Amino acid sequence: MAEDRRLERDGGIAAAVQRTLARRYRAERRFRLFGMIAVAVGLLFLAVLFTAIVSKGYTAFQQTYVLLDVYVDPDVVHVGNLDSADYQGLIKTSLRELFPDVKGRRDKRNLYKLVSSGAGAVLRRMVLEDTSLIGRRLRIWVPADDDVDMVIKGHVDRTLPESQRRLDDQSLAWVEVLERQNRLEKKWNFTFFTAGDSREPELAGIWGATVGSFYTLMITLLLSFPLGAAAAIYLEEFAPRNRWTDVIEVNINNLAAVPSIVFGLLGLAVFLNFFGLPRSSPLVGGLVLTLMTLPTIIIAARAALQSVPPSIRDAALAVGASKMQTVFHHVLPLALPGMLTGTIIGMARALGETAPLLMVGMVAFIVDIPRGLTDAATVLPVQIYLWADSPERAFVEKTSAAIIVLLAFLIVMNAAAVFLRNRYERRW
Amino acid sequence: MNIGFFAALILLTATSYLLGRKKAVRVSAYGRLHSRPNYYGAYVALWCLLPAALVAVLWIALEPWLLTHLIVRELPESYSGLPPDRLGLVLNDIKNLATGAMVSGEPDEALRAAADHYRSLKSLGSAAVAVGCLSLAVAGLAWGVRKVQPTLRARNQVERVVRAILIVSSTLAIFTTVGIVLSVLFEAVRFFRMVPPWEFFFGLKWSPQIAIRADQVGASGAFGMIPVFTGTLLISAIAMGLAVPVGLFSAVYLSEYASRPVRAVVKPLLEILAGVPTVVYGFFAALTVGPTIRQVGERLGLEVASESALAAGLVMGIMIIPFISSLSDDVINAVPQDLRDGSLALGATRAETIRQVVLPAALPGIMGGVLLGVSRAIGETMIVVMAAGLSANLTMNPLQAVTTVTVQIVTLLVGDQEFDSPKTLAAFALGLVLFIVTLCLNVVALVVVRRYREQYE
Amino acid sequence: MTTVGEIHAVNPRMTCRRVNVYYGDKHAIKNVSIDIGRNEVLAMIGPSGCGKSTFLRCLNRMNDTIEGCRVTGTITLDGQDIYDPDLDVVLLRAQVGMVFQKPNPFPKSIYDNIAYGPKIHGLAQTRAELDEIVETSLRKAGLWDEVKDRLDHPGTGLSGGQQQRLCIARAIAVSPEVILMDEPCSALDPIATARIEELIHELREQYTIVIVTHSMQQAARVSQRTAFFHLGDLIEVGPTDRIFTRPRHPLTEDYITGRFG
Amino acid sequence: RDYISIVGSSTVYPFSTVVAEQFGKTTSFKTPKVESTGSGGGLKLFCAGVGVEHPDITNASRAIKKSEIEMCVQNGVKEIVEVKIGYDGIVLANSKQAPAMKLSRRDIFLALAKEVPDPSGAEKTVPNPYKTWKDVNPQLPDVRIEVLGPPPTSGTRDAFLELAMEGGADTFGWIKGLKKKDKNLYKRIAHTIREDGAYIDAGENDNLIVQKLEANPNAVGIFGFSFLDQNTDKIQGAHVDGVEPTFENISSQKYPLSRPLFFYVKKAHVGTIPGIEEYIAEFTSEKAWGPEGYLADKGLIPLPDEERSRMREAARNLETLPVD
Amino acid sequence: MTTVGEIHAVNPRMTCRRVNVYYGDKHAIKNVSIDIGRNEVLAMIGPSGCGKSTFLRCLNRMNDTIEGCRVTGTITLDGQDIYDPDLDVVLLRAQVGMVFQKPNPFPKSIYDNIAYGPKIHGLAQTRAELDEIVETSLRKAGLWDEVKDRLDHPGTGLSGGQQQRLCIARAIAVSPEVILMDEPCSALDPIATARIEELIHELREQYTIVIVTHSMQQAARVSQRTAFFHLGDLIEVGPTDRIFTRPRHPLTEDYITGRFG
């Protein structure tokens, strides 16, 4: 036969293959190399982003505190006015005691600005907890002002001429005195993790936004995963193949391309104006993000369902399983990894999304920690967005720190899904 | 309506499941059960839960309206005669009073009485409905249990309910679409009344600022969408130019070459890229990538805008990588090993096997991922807002600054708005057209995918 | 083409009349009518690609799952039209079990592969009962000794022949009344084959069995009636011994004497 | 609802939030919710009606327009209290790595307008031919004109056009003359910013502009004074008409580019939504908006003493805007 | 256990020495040594699950793709150790072709299924040459007439037996020097089987063939030597006629006489 003859002439398959082998191996190596490069590129970007963020943000996890000797004057604080006493005044008094030679209104004002306006609140909390402190002299650490904090952390150059810093020479001198007396110390910034937003950087915390994100994403997850999975299952396993399902399919793909802010518009029109749900609430935010996330989950889930070999379905049907049982007992577990991937990616996107929330009023200054799904709340990316736009220098590091928290949130959120996915994954 | 109620309902549902099952087991003595006892359990549970839940949901939806109505009837004329919006404020006061929250000023007697009334009505209503719902649940339970007979096709019934749920879920996408179209359509139509459509569709100049003044409405060439859409196209193309090869090769590498532990670690790591807030990418593009490209470009003697399309596109591409890599990785992994074996046994190299057997078999899924990535690129907002700028240049040069549809929509909508000027309405027109354009793209994609689909087994 | 021989069975369990199957344009089964008798083993033979598997899949509506596959004509089970829209296909498939030509174990453990059917049909009240069903099924399929120590290993990690027997065990575990077997012994050695044939003998006492086979000897050994298909046509059907000794249709004769093609 | 809902200008947002926070801390009322929606968006929400679902207060970086008042009235918001809270300086700044700029409004106009008066002196405009600052004014450095500024949708941009560009245009007698003769043409000349890349719309994020300036010493940025105040170690404000943008200069009205900031209160809500009056009181207290107050710390330029006390009186008495 | 009979071939193409295969803990092949002669057909028989497929997969290193599978011992092809890390498995597999037990056509057209191998190895310069290779391969596998009108239809839409022949055609399309066939006729009717056996005869002239079969008759018809495996051990090997007429090991005798199990 012709081909045998040709092979003989060429020295058999081995020789024929041998001739092409070098080229093919080059192709193979190239292919593999591209793969490695691609992964490396992805990881590199991640590493660059991470180092950039972490190197900018880690300092926000510390906060400068000032050690003050405060006399809890019974004339100022007594049982009658525990709640509303002028604690900040006590702080000011103790500052004056530290620098007795400061005279003049202006200088005093500058002096008071060394400590945070939240210092009084620290004292207040202590006194409220233990009224026996009244009349005693306390040594307490109170947060320093953000300008001082920036200097201590080295974000502002002390050697610059006075006109170019926020802290004037006199204040700087006081800071140096405090430093020499070991009255300034950087400590772990608990406030950052436990407080809500504040316009004073040293008092601002991420907890409010974290809780808001948690509620919002809980809604999103609880709605979008079941709905997305259900829609995908119906479309892939039950729906007849016809024009109508084609329409739905194109439609879903198309929804994925709708700019997220348009979902915000939709949420504004439907959830706020039509249903009258409360503005700025995690409930509405979650609903909007659900609509935005659904297409991602559905598309991924359909792809996953499609890749389950039909023989598995046949096997189950043939032992008398109903279509529903076949899907839920056999197909779904096999498709679950892919569905979870879609969920991970969709939720990750929802977690990082700002634009649609602008429209439903979640871009707001909210100090209180939300306690329910209908309380006014904000979310982490919005908090980042807001802080990034704040003039105060100290918010720069806070912004990065908030991003770190968001990424940590993301990692925690994904970990469970990744764990499940790895469990269910198999190759057949 | 509180936690206690829902706990009770759930408890009842659980009980009804158990009762249904038990009855099924018992009646199985009189004849072969049509379905497994669990299905009878589920059947009864559905009877118990669904009607009660329906009523509860209805109540939650109607309660405010109903209570308001009742309260207003009791209010003295001086209040109930107020126009509805004022009345709303009064009611708010009453509610604040009733819940013991802060109120402004000294509330008068009538309000206090109303507040008490409100409080009692509310607790009464809640209690009544709670009792009603629970009785309904019990009734449903009883009814369900009664109906449990060996001949009852419980599985079919339960599956019918599940199926209905599935169908409802899948129509949600349609509703969303309808909602989106409706929420942009009217404003878009208003826009087209002010700006002639042909000017919008074929105009080569986009400059909404010119028309900010009412006296310049429709100033020629101000609302041409071409440069804006070109910008979207350019940036999306750049993004996909990065994301598709990187994503696809990563997927191939992870699923075909990398060892299991490596894959288990790297894949979730890459997925983090999808979750980095877009604001962060925006900063990254604007402050790191943009200036770098500019510097490099200037060293090469190229004219580079500081907000080049390239910078925004590349950073967007980074964000999209996991969309393609993870979804593709899953479908590649799902291709049966048999097929790989078949190819390898012919003396194919791994790369050949992957390229010619595995990837074609996984194509529909991969296309799904790529489409999702494209969609994301087209719809992405924050990155381009921060990094691509607003100047609507009609160019395909990636080193120049362009603007995108989403940027325009966002700046028009979150900036200073004037809802009677085409400036703001243009956002809706852009949204609508974008919707239609991507719809066409998706139809094409569907046809292409259908054609090249390779079904294994 | 009209079928030679007696398509009617004395005591029919299933009847097929003018059944046509199309895969898109391809006409895979052409106007086939045949009865399947109670407590009988019907063997289906014919050259590769003649439509045996296709016809078999019609009998429990597994064809429904193939996109583009269309069936016309009537098929009844105990007088009930199985293509009736009101019919519960789940029940049908529980009654009419099937072993596929290509073994397709679930990607689950061996135990779960077998236990799945009984579980969903509630055939076992207790774990012990389930264990027993699994064991007897595996024993009947002649696989018990080989896998009894590794019931929790995946079914996909078995050898070809083992997978085939696993699928047989899986099918009989739900005690269907009609069993369709598509070349159940193709990957089996003579001893395992003998075991399955023995099983078929046992099962026939109570059930109805349709078996596709390429081995004339096997057909002769296990079946009471034999149907010969060719290019989608049912050429001849009749008592097995008659078909193999006195085929009436020339094609049948050519085929069983190996003078074909 | 038992808290105040505030919407509006992103420029006023930082001040409004500080007051809200102080208010929440020092009174027993809840902390108000402050949304940043932009002046126009805020007024739209504000004017949508009376009732709990509508905001009580909106911030604005410009005075309410007539058309907006009409919309408000149409929707039943008939009594609006206007409170002017202070000034915001619009600064032009560049990186400290480059020499400080000394600009006049005329320079600014010539550098940024799309059409500029014919350099030959004829009374017509030509497309802006200037590439470098030196082209505009020989005393300025020889670097490319590259200005990062707010987008057309922002209130800051409107103010910039009115204060800087119009001011610059008015230095040409014949253009100033147009103001009366052909208002449209005048506005087109004075209000149209060039689109050839010299002016870059930089979005609403002023921090981003500051950081871009740091990276690009040749660029000039336009933004609010508070951002300059916070970043004096990195950037420097350009003198405009010989005046440096400092706290003192802006508050004494010497610096030409400053605009008033406002908030508007829905009087119908006072007395039903708890705390509105107290919030106004807090905002207009000396410790907040006074020259030594905490708002000044955040970069708000206080009103002159006399105007401040007048404003305080008006605000506390809830004097409403006239509607017709 | 030591193997009975002559493991050496006169003119060995492949030699296996002390080969052990483990799937995780499972010891699937135990210390097997055997030669495979040039131009000879070696039949491997043995009960299901005894390790025939496993052993076959060792010969072209297809075991590499199974996770947890470990091979020890030496196997050489033309004196070259095929488990040598320096060895090129692509070349090896091109030389040592394989037909799997379960037909696994690519989800491509019938034409592309066959053309795939020749294309990647660059065996055809022109489209016409490729067409020719496809046609001859399909003819040799006896599938041409059935599919010649629908070469562009997917290979996965074929019947079981057709798929099996498609896989045979695919394997021979690259003209490997050694062909491993795992039950190549299991799903084939007698006529198609005869066609494949004929093919094996033809191929033997030039190539070396190892075939796993459950049919003693087939082994007797096509092979020169036969190896009998049992529970992972190679029990006996020798010339086919001798094995079938005078088996030396009692297990062999039991097996071929069907007195087994």
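For this structure, a couple of remarks:
Residue numbering begins at 1 within each chain, and the chains themselves are lettered A, B, C, D and E in the order written.
We adopt the following convention: a residue touches a chain if its C-beta (ideal position, glycine included) is under 8 Å from a C-beta of that chain, and two chains touch if they have at least 3 such contacts.
To keep track of the chains, here are their UniProt names: A = Phosphate transport system permease protein PstA; B = Phosphate transport system permease protein; C, E = Phosphate transport system ATP-binding protein.
Please read all numbers here as calculations on a predicted model, not as lab measurements.
Counted as hops between touching chains, the shortest connection from chain D to chain E is 2.
Counting hops only between chains that touch, chain A reaches chain C in a minimum of 1. Among the remaining chains, the Cα-based centre furthest from that of chain B is the centre of E.
More contacting C-beta pairs link the chains of B-D than the other of the two pairs B-D and A-D.
Overall, the chain located most centrally, as judged by its C-alpha mean against the mean of all protein C-alpha atoms, is B.
The most distant chain from chain C is D, comparing centres defined as mean Cα coordinates. The distance from the centre of chain C to the centre of chain E, each centre being the mean of the chain's C-alpha atoms, comes to 28 Å. Centroids built from CA atoms put chain E at 54 Å from chain B. For the pair chain C and chain D, the distance between C-alpha centroids works out to 83 Å.
Our note on geometry: chain A versus chain B, Cα centroid distance of 18 Å, whole angstroms. Shared contact sites, meaning residues of chain E that touch two or more other chains, fall at 90-91, 94-95, 102, 120-121, 174, 176. With touch defined as above, residues shared between interfaces to two or more other chains in chain A number as follows: 17, 24-25, 310-311, 322-323, 334, 388, 428.
Those residues of chain B in touch with two or more other chains are numbered 155, 283, 336-337, 347, 349, 352, 414, 455-457.
Pairs of chains that satisfy the touch definition comprise A-B, A-C, A-D, A-E, B-C, B-D, B-E, C-E. Note for the complex: chain B touches chain E at residues 336-349, 352, 356-357, 360-361, 454-457. Listing the residues of chain A that touch chain D in their complex gives 109, 113, 117, 121, 156-157, 160, 163-166, 198-200, 276, 279-280, 361, 363-368, 376, 386, 388-393, 396.
By the touch criterion given at the top, residues 23, 26, 45-49, 51, 53-54, 101-103, 142, 146, 157-162, 164-165, 182-183, 186-195, 214, 216, 255, 258, 260-261 of chain E touch chain C in their complex.
Partner chain A is touched in their complex by these residues of chain B: 155, 159, 162-163, 165-167, 169-174, 176-177, 179-180, 182-184, 245-250, 252-254, 256-258, 264, 266-280, 283-284, 288, 318, 321-323, 325-327, 329-331, 333-337, 347, 349-352, 354-355, 362, 364-365, 368-369, 371-372, 374-376, 378-382, 405-406, 409-410, 413-414, 431, 434-435, 438-439, 441-443, 445-446, 455-457.
Against chain E, in their complex, chain A makes its touches with residues 1-4, 6-7, 12-14, 16-21, 24-25.
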